[in-house]
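Two complexes follow with chain A in common, the first pairing it with chain B and the second with chain C.
Here is the complex of A and B:
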């Protein structure tokens, strides 16, 4: 058994490197988008609509990855789109993590009625189709980055709450918690100082995964035109436009799709890599 | 289970009542007077207080009356039931694809455990799991819709076809009526969205089943079967598999509900005329009664799947059967 397992786990190294590398590149691209982008991402030029990328015949110099149907530069929109994707991923991920972990800790450590209440909410939440739920919330709150972030937090907190609750229960039954209780520590102190540090690795892994999910949710919402205004460059709106003109201009769909694919894959591989790293049994 | 459904109903009902857009105003022609607005509001029951509206709605639902759609002015129930078969067929086809791919991968991985083949299967699984159905759908559109156009990329059935069907279970009925031309057309429309939905689930099945197969392979009764001189293939499929299926089954049930939830965006992506596509239109049109109906139906499907999984589990697990 041991030999087979180590054979499978060997690719962890390059996995972490590759995903970390892509995300670093993306962060740099997003931060320095105004310097790197060759064109204004909103600038339209109807005479330059659907120009192919530079290696194809008929390409327009200066538009490296071609243009969309309104003549907007695909590369510049990609770079600015990375800003939206990473911003939503980071903020929504962290907020979801805070809410879900707090509720999970309370349910798992305090048990009793808070647990009953929180668990009941988790059950109800699990019966909602998440994509439909997020679209519904956006329709209620109106489009915009804040709405997207709120929708993600409202829907995805259960991902954290479920796992953290189970972990907190396991930890709460351990001797070190009992001895802390015997020595007269306050329960909230025990929860924050004893239990929380022990669920931290799980939390970090879930957070990494959640950031990838948030990026996807944002893309899905802008795909159905419910994200921020349709002019603003987001990968989802580029994909939506590329889906329509797929037979005339495949590059409008392919480049944002590739970026989204690698970003989501990187977040999840980073999460898996961290999980292996934190899990002493697997190490 | 009922409490969960009730909770869903309460939340949907009150959440969408906060919608700022006024659906009534959108229905009326310009120049409609206050009186017309009030009449229309009364017609849809929007003039009553929220708790009153809720009680009326729940009473209706319990009698099978989901109200009238605002955008199409048809009964919600008939609209929703008209689309439901399309979504069920898509989801079931995806489930079948996922089970086939997942089991083949798991059995191959177990047969060749500890080799490069197993490593390759693990890496493929990892990839398939990390990327959601939405992205797989887009990739499939590019691969089999554009680069090598073998499948249709939008719709449920070619509009030119004359459909002699009595129900909306086209796929099922085309087989019954032996109309294999239509069946083929349906499949070539459904295959890509179903595959997109199936890929993540197939990876989960492969991973879980392989893991429990490997654990089962070390049990004494399997060793005993080996001493009978049975070959490796037979030991895996006949001896280990029946015992390894149970733990996989429970999780597949939960994952299948995620798959059903995924149909919403996948149907949109492939312009497939199912419930999910209708749901997005309903949200965009602010068609409150229709949204309520669809969400409740989805929640009902989720709970039913969970119930079926529990029952199947009890049926397959001898310890529960005789308990």
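Here is the complex of A and C:
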């Protein structure tokens, strides 16, 4: 019977292929940006302002996706912007996950007063309007990558804590946890060895979602000029610059927007796909 | 002195009594059944002994002595250690009683290694031996399997093996056959009895099935509404139950010999009497 089940091959569906493919491309692009980018992303050339992408009449050779109003190469800026987006997504996502999961696990498994304390704290925390809260945090800490990451972690850990707490409570009510208690194991050991592996699939899904959210938040903050210095290319600042010249040069706005859209979509689809792929019941 | 001695144990959820003045003894090597309908508190007694009562339930009085030690007087860590060394559980639902993401082998050996300090190799040899003892055909492969790769009956066998692993002196079986289908139930019952006799373990068997009690138990305790109604040896009980409720319960058991006979419920008058008795006890104790 065990043989029959393991004989069922699990295909990697189009969902995993597409989302994984886009993210792999993006990671490669970001890592090798200095090699791949045709131009210096900061180099301005006022004579070459608002050149259209290559398939439109009047395109300038060498500038594949056109230039912005200051004559900077859009493709090169996209590639360098991906570095910022992915870095923030990864680091902020992982840190949020660690903080939220730890608190959620403790609240959900130990119940009692730790749960009371953590849950009330989450309720209070969630009552702050997140965008204003993050802008306030950045205003206090100053702009820069570290502040953005801290702001995302500080605001979004509640998302993890809530879901993981509920999941830990469900697992904690299972008989296998009672059995482990009866055999005389310590509570912390049960939490880490029995409960944690069972909430891992949920964690992975949340983590990928969170990475997408972090990318969006970074874009929003750079859209309002609260991210890193305005010269450095980020997708958010490109969108904000493109907004001004949307009637003359739509490509400056559209390309970073499309990148952002596919990246966030890919993160959430990757999570869903991985969840199906690793589900122990289907395995 | 009995191995397990419960003396006037009471427990409540908020103001609602769950157990009322329950006294119960299980001698070493004895098989005692705890019988009652849903909500009679039979599972709660098992949970109270093992210290796995849900957080909302508080023990308000009484004593639980396991091998002479008063469990309720011990500190939680100490208590877990005592229970871990002397008692074990065969749970009701084999589907949720094994951790779905860990292999069977470590789930059996874990207690031996972590709590009793066996070496990993000894523990694994012992686990293989136990799996063979519970008639699992290919113990080596089962050790490497995940729970979802086994059927319900196989999982219950694994859990039985696991319960006997550390040679406990008392095993609490909480309706161990309820979640299984009828053909497997019989094999599992026979297996529990066989293992109990071979290891000479005391067994507290929680069930609502009097047919099962007749097959494997020596003594029984009938519970209603968290109160002990009757205690008897199995022969005496099936020959002549003393309490009116016990008689009605026995009469309510469907008979194979007469399949067309309609089911006899416990008469309402008996239930009303019992309820009045519980209400009276409540008024006099609070």
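Note that the second predicted complex is superposed on the first by the 262 of 283 C-alpha atoms of A that agree within 3 Å, B and C clash if a C-alpha of one lies under 4 Å from a C-alpha of the other, contacts with A are read in each partner's own complex, and residues count from 1 in each chain.
Here is the rule we use: contacts are C-beta pairs under 8 Å (C-beta built on N, C-alpha and C of every residue); 3 or more make two chains touch, one makes a residue touch a chain.
Because the structure is a prediction, the values reported are computed rather than measured.
Of the two partner chains placed around the shared chain by superposition, chain C is the only one that A:112 touches, whereas chain B remains out of contact. Contacts of A:247 after superposition on the shared chain: chain B is touched, whereas chain C is not. By the touch criterion stated above, A:272 is placed in contact with chain B alone, chain C being left untouched.
When chain A is checked against chain B and against chain C, the one touching more of its residues turns out to be B. Applying the stated contact rule after C-alpha superposition, one finds that A:261 touches chain B and leaves chain C untouched. Overlap of the chain B and chain C interfaces on chain A comprises no residues. Looking at the complex, you find that chain B touches chain A at residues 3-5, 7-8, 11-12, 15-16, 18-21, 113-114, 118-119, 122-123, 126-127, 129-132, 134-135, 138-139, 141-142, 145-146, 153, 257, 260-262, 264-265, 268-269, 276, 279-280, 283-284, 286, 291, 294-295, 298-299, 302-303. Note for the complex: chain C touches chain A at residues 50-52, 55, 77, 80-81, 83-85, 87-89, 91-93, 96-102, 110-111, 114-115, 141, 145-146, 148-151, 159, 162, 166. Chain contact summary for the complex, chain A toward chain C: residues 1-2, 5-6, 111-112, 174-176, 178-186, 189, 194, 197-198, 200, 280-281, 283.
Interface residues of chain A, counted against chain B in their complex, comprise 3-4, 7-8, 11, 120-121, 123-124, 126-133, 135-137, 139-140, 142, 212-213, 216, 219-220, 223-224, 226, 239, 243, 246-247, 250, 253-254, 257, 260-261, 264-265, 268-269, 272.
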